[in-house]
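Both complexes below contain subunit A, partnered by subunit B and then by subunit C.
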Partner chain A sequence: MSGTAISAPTRPTQGESRSQPRHSAFARRRDRRGSAFVSPFLLAFLLFMIVPLGYAIYESLFTSRLIGGTVFSGFSNYSQILGSGMFWSGVIRVIIFGAIQIPVMLIIAFFFATAFDLGVARFGRFFRTIFFIPFAVPVVVSALMWGFLFEPSYGPFVHLASALGFHNTNFLSSSLMLPSIIVIAIWEWTGYNSLILYTALKSVPRDIVEAAILDDTPLWKIILKVKLPMVRPAIVMLIFLNTIGALQLFVEPLILNNYSAGVISLNWTPVLYIYNTSINDAQYNLGAAMAVVLGLVIVAISVTSLLFRRRKGEFK
Partner chain B sequence: MTATVAPPDAAEVDLAGSRKERRKRERLEERDGVIPVQLYGLKRGTVSVMTICCVLFAIFTLVPIAWIIINSTKTQANIFGTFGFWFARPFEFFHNFRMLFEDVDDDGTYINWFGNTALYAVLGGVGATALAAFAGYGFARFQFRGSKVFFYIVIGALLVPIGAITLPLYLVYAKAHLINSIWGMILPSLVSPVGVYLMRTYIGLSVPRELIDAARIDGAGETRIFFKIALPLMVPGLMTVLLLSVVGVWNNYFLPLIIFSNNNLFPLTVGMGLWSQHATTSGDQNLYPLIVMGGLVTIAPLIILFLILQRYWRGGMLLGSIAN
Partner chain C sequence: MLSKTRRITAGVAGAAAISLLAACSSSGSSSTAASGTSTGASASASASATVLAGGKSCSSSSTPVMFWAWVPGISRAVTEFNKTHPSICVTLEDPGAGGAEYTLLNNAMKAGSGAPDVAEMEFDELPSFIIQKYVENLVPYGANNYKSDFAPWAWSQVSQGGAVYAMPSDFGPMAFYYDQQTLAKYKITPPATWAQVATDAASLHKQNSGAYLLNLSPNDLQWLMDVMGQAGAWPFQYSGGSNVTINWTGPAQEKFAAYWQNLINSRAVSTVNDAGTEVNTNLDKGVTAAAIDSAWAPSYFVADVKQSMGQWRAAPLPQWTSGADVGADWGGSTYPVFTQSKHPAQAAEFSEWLTSTDASWNIVKTPPSSLFPTYLPTLNSGSFTSLTYPISGTSQPNQVFSAAAKNIPATPWPPFMTQALTQADTTFGGVLSGKETMQQAFAAFQTAEVNYAKAQGFDVST
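Moving on, here comes the complex of A and B:
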């Protein structure tokens, strides 16, 4: 670092402009500086993301046996996972979970985002803050709170249900567990999604909406034909982020299992299955293979959605 | 498609003024952007109906929070035996709070877990933000060999699911002796691809190239330029990344669950999970009031943090990750 003090810098002009072609020695120095800024992150990234992923792939190719220790077994772990229903039943469950939870949540989120954006609800600012609160609640704690509310013997919601005529409702029974978790997930994430949609709606140019109003376009058409298409990229991105999240469902079923033992099987969701296989059963190689398969499923979904966006000309 | 957000306004910070004035200005700006409802041909009634919808959803949102506040004042018997949404005698709030400092059931103390969580969240969050600021600046304002490729790798990392990376981390830790080490929790928290992405976007919008070039011509070194010129302009972006990283570490459950077997190292999430598991297996330990009180004390700091730092998550930064 050169020790010269900075004399009052000239006022910057607004906007971006490329710097001119640089002197080569100067450029090389700049080059090193650029890498220096980026390298601490890249080092941590390499050590705590790339290395573990590589190591998991390596480990997934071995099998530990009671006799003979750990031996190379090629893709046998993978064929065991892909061939057994245990892994796929969990995958199907989280897909069903996502297929219901994500659309319902996004519709509610879009509804409120539109209401706030149009200013058709009073105290919009206040409600946006309230709706966002669950984002600050750790998932473990939300699962604990909802577990108390849903608990079959003393939970207040059970009393509420019987007051409404549904006697002996067990929200945490095997048939209602998934719907209950969907309610919890909607509670957790609607405000966050709504805030992002609201921010996107805000960026729709005002004159477009005004032109539509002057043309006597009915409100529902302004919302669905003018605003919705303009926030489509945000919606696509939210679908994509929420899907990645849904496929990793783990904490809610693990915690709710404490309130209603036996409903959540070891392979209820893929991440739960990875956890039980590797940590509780110490079958690390098999667990590593599952983590790789799950990662690949998620990356495949992400890449497909990105390609889809690119085809639609939305992804730059 | 250009759904770009209004660039986060860096000048906002410098304009300062008292907090009251700023709030007033924000509110006025907000009202300015809204087209009066009547123009859409809507009746006054619609406003009432929509407000009622908001009230209903707000009730849904606040029900669990209200429950946990009310029940933090109850004994175990009253949590089970009395109406969940009203108070009951005896009023045990302070007793329950005191119990958080005691080692119940040999699980470890809540207050210890709270300290751990704060330590992990502060070190992990601040560290992640610092690395993201450096890297975001490097990617936004320098072109060096491989900069494009590295950036695409970082973007690609956004797709890697936490659920799939945690077990691999555990396997590496088993070799590297990082099981039951606080560094095993803190170091991976430093890697925030989202943070890097957000910082690059933010710096691209709010740190003018000309300003950096002018400082270079005046002979300032790159490190000095970063700390004296770029950093102050990044503050709003840094706050958003810090907030997201702190919440990320505070909420993390899977990683600490598998790498810690020593109860004294647990963060809140794992400790609370353990209590909830023990509450069902050992009935009369009076663990339920502790879980309720513990839950309340876990969420209170984050909710307060969010209320204080509202304007950082309100703005367009969250969308920065989406608008592309």
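Moving on, here comes the complex of A and C:
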């Protein structure tokens, strides 16, 4: 139907029909086979998501110190985090990061998706592949590569900026670091997002578009007023996914720290703070509590986008 | 359409699938722990390190000893030990340098299994392992028999309250390491006092605004503290237990911070992060004329030397009081035995052999290991002090470095150096870019360290 990732089965199932009782042998066999297909996923889900989550919550209720060992401390880790300016300043930073990066990236992705959908680009499939390649590059490699490009002393972008009249630009200074990471994130994710939007655009029913063309609607109106609303479910899903990703920003600042000392503090993003607290400070319990709090923040922010979708009447 | 239960199930399955998809698509989670901070406190070592010696070539009747170390070429010493001690077979693995190995060790000791019998450990990291009772007291294994063979400073570093927790191996007495052609070009002779350093640095920068006498990278906490030690401004007091003194804002520390901040303000020194290679290329090209460097630094520096080969000389460290002879040390390693070890006697025997026999030192003092010994018979031997190296031409730098080893003041490390090293990278990073002064950084670091120590349960005095 629409371009969402999950679509519900439409065929009426055995249990709906009134002619056969719900617990027939045939229905039981169907249910068993159904569970057999789903159980590997559920097992993996349990082992790799539920159990670690439970363990993290358990660990977060303890405190471990060099003097005194590990003791049960209830919610004291949580009250420490809620009052921790260092943690929340990181959260604010990634919210700002997401608030700028996601809309800009989605606009660019929609532009490319539309261009491909309209067929105005020659060798469309080739370019779609090229645009998708940054998504296939491991994040660490992207960050290293961009680090070299932005490098303050010898990076090519610095020379380019100089040639354009902006001398002594330091793309990794404390004022330009976040914009630079936004640029990197847009480069990394636009291809993936535009592919999803392209697929969504391709599923827009032809007759609606043809009716608009017959009405002499200008092209920009067709794109913005006809096609865009029809791919709204895909866009909302992308906002949801990208928000979760943006709030977990970690690899790019970790790598770029090596090119520019003193700019990325150890609490620059929440995940970076969790990493430093757990690994370098050996405070795994506090790190676990931070991870739980961050998880709740991410759930709160991303579910908000889904509620937005519901209010517009997407779910019946 | 669908029954309510089926819709709910579909919704839950959809949410679960989306959350898995989100986990894949989020910008951070697709990579495992990447390379760490520049202070080396990273967790990038793999669990399956290559076996560099021993391993399968061990006979099944010999006692197995697992040994972790990153010194290049130390496998030669291990092979020699295995040859001359057939009842023990040491297997060597390289788990990564510094912080990478300490993370693995901490995890293994906490988990109760997986730790080696012996591992290389820098002096500043040992106290954190002592306080967690991860390392064995070696006195029952005869360690005190070797006490007089070691530089007193090194022996005090591995001792705590009558126990000896590791055998000291190499260290890095510091000296004024300079390119003699560059200094001669600017008509400067190696300065004997820090006051003279300030004058010479100003003079050099005046003659060439693109060159400096020295570079300052205060985010390198080990280096910073070592030089502070020479100035009588060592910022920690710790002798085991739960009492620790933290003092980054006392008069001696303020004087030290002010001295360097003046040099930064007048641009007499550069502030390049010494975690990268730029520092070494600056030295090679003459952008920086000299460095306050340790005895082992040249063996790391030589890889970046292209045009200044043969020109490097060592001179005694500048002094704060004219005529004094106070030294400093930068880094160095010890070889403790871990409490998880099933064969502590054999592990101790290996550790003692590696650090206190001529047989071992005749191997590890040569390249590629090039270790600088705390072991006095080698340190003071004529053949060692008269060694020449291609990077320093016909001069004998070990004469200076050996002499510098004699008078190093005590440097009691606090038992939380991994945290301090990471914190310093953040706190002192602003000094590199000029965003804050040394004094401000010192004050911020004092607050951060006091807070951390208190949170860890220590009784903190300032």
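The rule is simple: the second predicted complex is superposed on the first by the 273 of 316 C-alpha atoms of A that agree within 3 Å, B and C clash if a C-alpha of one lies under 4 Å from a C-alpha of the other, contacts with A are read in each partner's own complex, and residues count from 1 in each chain.
In this text, a contact is a pair of C-beta atoms (placed from the backbone, for glycine too) under 8 Å apart; a residue touches a chain by one contact, two chains touch by 3 or more.
Given the structure is predicted, the values throughout are model-derived calculations rather than measurements.
Of the two partner chains, both subunit B and subunit C are touched by A:V251. Contacts of A:W146 after superposition on the shared chain: subunit B is touched, whereas subunit C is not. Residue contacts after overlaying the shared chain place A:F45 against subunit B and subunit C alike. Counting the residues of subunit A that each partner touches, subunit B and subunit C differ, and the larger count belongs to B.
Look at A:S174: by the touch rule set out above, it reaches subunit C but stays clear of subunit B.
Legend: residue contacts after superposition of the two complexes on their common chain; A:I279 is shown touching both subunit B and subunit C. Shared-chain residue A:L106: touches no atom of subunit B or subunit C. After overlaying the two complexes on the shared chain, residue contacts for A:E188 are found with subunit C alone; subunit B is out of touch.
Shared-chain residue A:V158: touches no atom of subunit B or subunit C. Of the two partner chains placed by superposition, A:I81 touches none, neither subunit B nor subunit C. Put simply, subunit A uses residues 5-6, 9-10, 12-13, 15-16, 38, 45, 49, 138-140, 153, 237, 244, 248, 250-251, 254-255, 258, 261, 271, 275, 279 to touch subunit B in one complex and subunit C in the other.
For subunit A in complex with subunit C, the touching residues are 5-6, 8-10, 12-13, 15-16, 38, 45, 49, 65-68, 138-140, 153, 173-174, 185, 188-189, 192, 237, 240-242, 244-246, 248-252, 254-255, 257-258, 261-263, 265-266, 271, 275-276, 279-283. Against subunit A, in their complex, subunit B makes its touches with residues 1, 3-6, 27, 30, 33-37, 39-42, 46-47, 50-51, 53-54, 57-58, 60-65, 67-68, 71, 79-81, 83-85, 131-132, 134-135, 137-139, 141-145, 147, 150, 153-154, 157, 159-165, 167-172, 187-188, 190-191, 193, 196, 204, 208-211, 213-215, 218-224, 226, 228-229, 247, 250-251, 253-254, 257-258, 268-269, 272-273, 276-277, 279-280, 291-292, 295, 298-299, 302-303, 305-307, 310, 313-316, 318-319, 321-324.
Residue ranges on subunit C touching subunit A, taken from their complex, read 1-3, 6-7, 10, 13-14, 16-22, 25-31, 33-38, 41, 43, 103, 106, 128, 131-132, 219, 242, 273, 275-276, 278, 415-416, 418-419, 421-423, 425-426, 428-433, 435, 452, 455-458.
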